[in-house]
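Both complexes below contain subunit A, partnered by subunit B and then by subunit C.
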Partner chain A sequence: MSTTVDPDRTIDVVGVAYHRPRLSHMQKRNLWGFLFTLPALCFFLVFAIIPIARTFYLSFFTFSVVEKPVFAGWENYRALLDDQRFHASLVNSFAYVFMTYIPVAIIALALALALNVRLRAVGFFRTLYFIPVVMSWVVVSAIWKMIFNRQGLMNAFFLEPFGIAPKNWLTDQDWAPRAIVIMSVWKEVGFFMVVFLAGLQQIPSDYYEAARVDGASGWQLFRSITMPLLRPTLLFVSVIGMITGLQVFVPQWVMTQGGPVTATLVMSLNIYQTAFVFLKGGTAAAMSVVLFLIIGSVTLVQFWLNRLGAND
Partner chain B sequence: MADTTKQAIPGAVGPRRSPWPRIRWGHVLLYVALIAFAVLILMPFAYMVSTAFKTRGEVFTQPVQWIPRQINLDNFRDALAAYPITRYFWNSVIVGVSVTVLNLVTCSLAGYGFAKFPFMGRNLLFGIVLATMMIPLSSMIIPLFLVVKWLGWVDTYWGLIVPAGTSAFGIFLMRQHMASIPDDLLDAARLDGAGEPRIFASIVLPLSKTALSSLAIFIFMWNWDSVLWPLLVATGDRYRTLPLGVALFESSYGTNYPQLMAVALLAMLPVLIVFLVLQRNFVEAMTLSGVKG
Partner chain C sequence: MTNRGAGPRTGGHRVDRRTLAKGAIGAAATAALATSLPVAPAAAQDKTVIKFWTHTHPPMVELNKALVADFMAANPDIEVQYEIIPNNEFATKMLASMGTGTGPDIINMDDAQMRSTYIPKGLVQEVDPANMGYGSLDDLKAAYIPTALEGSTVDGKVYGVPSEFNVTAMAVNDAAFTEVGLDPKAPPADWTAVTEQGAKLVVKDGDTFTRRGFDFTYLHAGWYHNLFGTLLLQTGGRVVAEDGTTVTVAEAPSVEALHIWYDLIWKEPKIADPTVANQDATVPYQDFLDGKVAMMPFNPWGMGLITSDSVVADTWSIAPLPQKHPGSAGTPEATPVSADGAGPVTPLYAYYWSVNALTTDEKKKAAAFKFIGYISSFPGRWLKESSFIQPKTGWEDSEEAKELPFFEVWSSEMLKGQFLPVTPAGEQVDTLMKSALEQSLLSGEDPQEALDGVKPQIEAAIASS
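Showing the complex of A and B:
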């Protein structure tokens, strides 16, 4: 081994004479490894880490996006305490997350269980249910804006024929958030269905066979095999649901612009409007910090809860 | 009963996993439910397509008219004349392809680096990369915009492409995949005198085709859908991407539903076609990402 390595080393020392502390082969190889990660790390530094650090910094200043910042201390954060729009956006974002992603998870799991059975045409249904996922939110929002029109499909096809009074879906403070939730459930179910399917396919089928031999019923199989073994998938689903749900922007921006009044004003939309429409950069930066901390802590709590549960 | 049916089909070729001995009512119910859900999923599309061919007067008729009286292409013609949709489309393609290529390069390199080289600080750096997944775009959008403005990249392709040049998810995906490449294979190449870049290019990359194509699909799809960032960076028609075009059309001609639906249909078709052609890869991509919960 050492004989094959030696000529290499001498070449190295001659070639790079100033390189006094000679790198061992392992170190040299690891240097390559670091170099491989370097391009990506540079992108992260410039377009993620520095910006998020700057957001923290700017949240202590008053500025519009076009002016020079003036130091303001905790003023931006203090102002958030009385900011009605900010409060509304917090409530609306969390309401959106729970009203959308709990039904999404339940429906997606049901579909995944149904498609996990050996049936014909399973692939066809899976593809079909996945179509809304690959469409852009803007297109989906445009279609559903029409569906929720006073004379649109929702009223004309699903409510009026059954004698239910038509709703002003997008102009009524109570119904506008629900309209967006209905649309989001339709759009997101396919994604989580495939995630659940992937999780279900990880469960070895011998487990089921063994339990069936012991006379377990379908419900017992689900409760004592499927659910416990699906725990990592459930964690993934709840984390992804929370993170994407709390960042939602497009449907509210396209369908209602956050209205009527602030009924559908969610955090991302509020940050965008505060910074780039009302030109209050400092306030928006403070809101951004709050959003960042919320998403960070929610994710950590979910991982922690999962670890607690796993130890049972 | 089950046995006789089995034998009564002389043409049955080969053993099937589940011969259909009798009607299973559970399966029938399942099919009914699956079809009902399929109808719910497809209904908005049918509504969009039929509206795109209608005249304005026909839009909201009672009861809902699913098939327009005549196929009328005026909406497409008028919409294309009123807005530079094709321009938006090509902008989206240029940005989408560039971002995807850039990501394939940065993510595969970094994934390999993190998977196979225990350099100092590797775990810390990888942890930081994963943590950036939690940073919402709207939380860093103000400084990001200021950086891009400072670089003079507002209203350029650079501004749309470069900030999206890598992705934590992509690095994670590539690392998971590349960790499964046997070390012996790499060591053998090293003994043959291949340098690290060459090993990466001629051994690691060819072995990662599935993961790379999954990554490409994901990145392209996300980018095609991206709105908030282009909304800030592309202020004029020249660099506006397709979703922005649709949104703009919506806000200025929002009540002209037939034209809006024509635009939406045009915007949707390319993605739908790509999806239907590559649908197996899509699902594979999803499965790959879902595996490691």
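Showing the complex of A and C:
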């Protein structure tokens, strides 16, 4: 048994004294920092790392939510090569990302530029554009489902007044994906507008003043000062847009359930149906791994491109 | 007078760290003690709690709620927690909950899923006649008409009793018929006549149908399964052959079945249009109720949705389902059903009350069977209050049956009835079929090409099942 005689000296059972190493201020700070982050790390380990690792593991098995796994090797991955629904969902996911988040970025940047001024009502407009962001995707999707109905507002306001025959947007293979894109752009613009606003407000006004003294035009200010200094924000927007877009699930599930045919079947929805409707958990796990790798790869490429651009 | 709000600045009691710690420990101890105390009387703790989930159908939900309340009043030791799941999510949520061990103790599922998934995967329990109030399994079987339990029977073992037993007929908008000079008492008996009469019933505003002559519904995969299955029965087609592995969906009888549907939409005179059809599975017959379609396939439970607010409230009737081979209509006994479709045939489908086999608590299982025995003992109320046929032996002789609107049609259609065949990987095949059918019906792809396209996908789905 040990007896502590002072905070730094300990006598062990045979009476030999030794000194416990004294922690430096930095080490103590790091230790406390680690201890404070430990709960979050445990949470992350339990709810992110372990499930991800288990998904990798299960992708090599055949199982369903109601059956035990049986080892299948690479079979689940091989099956994906011939799976037309999987191919369709991949294409649809990327189409959704590009059709949604490129317009979102452009509109959000334009709004941020417009609202990055000192006007009395600017707070009102910022709030107005942000309202869709705080609404639930499920609620928004259910509302827009009615808007896109044949008797809905979309036809009444935008087609019928111009003599265009009303359409049932969500049962048309060509228009259903576009309908979801329109809704998503409306929903997402506010968030990215706020991100761009934050980025714009980080740019020192001195740069603009100096450039104006030198006679720079508005376009030159935007091209030579705003855009280069917004590069980190643009990277953030592109990465978040890509990740969010590739993981999209709710609007497709609520509005079209992936149809008509497979026009709005995105990867997350396909994974969900494969696991819980078709009861093919191993295939769904393999799809999840592929989605994970795609998102990881695309994100790395975006960082790499951004670094290349920064070095130019 | 003490200034309670001012705190240390006015010389009041200062809360130091030690006091704060004591307070926190005290509060934690109090909370721990409180949570360890019984929250309900001892009697309530002894209650057996069972979960019961159903899909959404307002008349059914109301009656379920009433019967749950009555059952709990009669059985104070059992608590039934009733939950309603939206139709579109019902099948998925049910299976997902089973996989995570959070499923209901009482499952209310259709025959196709029972036979393709729940029974083969051991998710439902064989019936327990004793706890359901029967002397034996034979007594239970004898309590129902012979076909009633087919949808929940595999290898002679019975896994559930019907909560609703459906046959498909056709709803007719009598006012629309009269309006265009047709006799609602002589509705079309075959698909050619459907097209001829349907063309007269069509009303358009420009290019837009405001009333279709005849139409099916365009909802989720289960609906497509039933409706296309209806036509397959008539043409003798199948998605997958009886061997369970040979995909026959692109063979002539199946293509013919799809052509019946496709031609209504795409071939002149066009009398159907999916682009104006209702998309809400909670109210699948809304278009008929609103007078937007003059004829459509209909089930007995659909009558429960017709209210005084419906456009067709007093001007509807039920007629036999149009057939490829109408045979001698009205005397189905004279035209026996054949497997190759050479005779009138209508699909049967049913929902069954079953007990979750994954429930490990035997008390819960016993309570669940007791509840099923109770809730299934009111066939008259089910028929009267929700138009659900519970085919107990002699049901057709009951007063409620005789009061069922168009009872004669329903009972004669039932004699032509067959359950639809199930396939391996049923849910996946149904989803693939939905896509193929939509490709043809919504986008106009030739039926043969649409079914050729889905064939390899179904083969792959079955091979990997």
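The rule is short, and it goes like this: the second predicted complex is superposed on the first by the 279 of 312 C-alpha atoms of A that agree within 3 Å, B and C clash if a C-alpha of one lies under 4 Å from a C-alpha of the other, contacts with A are read in each partner's own complex, and residues count from 1 in each chain.
In the analysis below, a residue touches a chain if its C-beta (ideal position, glycine included) is under 8 Å from a C-beta of that chain, and two chains touch if they have at least 3 such contacts.
Here the structure is a predicted model, which is why all the values come from computation and not from measurement.
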Query raised in the report: Of the partners subunit B and subunit C, which touch A:A156 in the superposed model: first, second, both, neither?
Result: first
Requested in this report: Pick one for A:V289: touches subunit B only (first), subunit C only (second), both, or neither.
Outcome: first
Query - Which of subunit B and subunit C A:W304 touches, first, second, both or neither - result: neither
Query raised in the report: Which of the two partners, first being subunit B and second being subunit C, lies in contact with A:Q273: first, second, both, or neither?
Result: second
Query raised in the report: More residues of subunit A are touched by which partner: subunit B or subunit C?
Result: B
Query raised in the report: In the superposed arrangement, does A:K167 touch subunit B (first), subunit C (second), both or neither?
Result: second
Report task. Could you look at A:E67 and tell me whether it touches subunit B, subunit C, both or neither (first, second, both, neither)? Result -> second
Report summary line: In subunit A, both subunit B and subunit C touch residues 65, 149, 272, 276
**Report entry** Complex contact set, residues of subunit A against subunit B
**Finding:** 4, 29-37, 39-41, 43-44, 46-52, 54-55, 58, 65, 111, 114-115, 117-119, 125-132, 134-147, 149, 151-153, 156-157, 160-161, 186, 190-191, 194-195, 197-199, 201-202, 232-236, 243, 246-247, 249-250, 253-254, 267-268, 271-272, 275-276, 281, 284-285, 288-289, 291-292, 295-296, 299
Report summary line: subunit C contacts subunit A in the complex at 88, 91-92, 95-96, 98-100, 117, 121, 123, 206-208, 218, 220, 274-277, 279, 358, 425, 427-428, 431-432, 434-436, 438-439, 442-443, 457, 460-461, 464-465
**Report entry** In the complex, subunit A residues that touch subunit C
**Finding:** 64-67, 79, 82-85, 149-150, 165-168, 170-173, 257, 259-262, 272-273, 276-280, 283
Report summary line: Listed in rising order, the residues of subunit B that touch subunit A in the complex are 17-18, 27, 30-31, 33-34, 37-38, 40-45, 47-48, 51, 60, 62-64, 105-107, 109-110, 112-114, 116-120, 122, 125, 128-129, 132-147, 162-163, 165-166, 168, 171, 191, 196-197, 200, 221, 224-225, 227-228, 231-232, 242-244, 246-247, 250, 254, 257, 260-261, 263-264, 267-268, 271-272, 275-276, 279, 282-283, 286-287, 289-291, 293
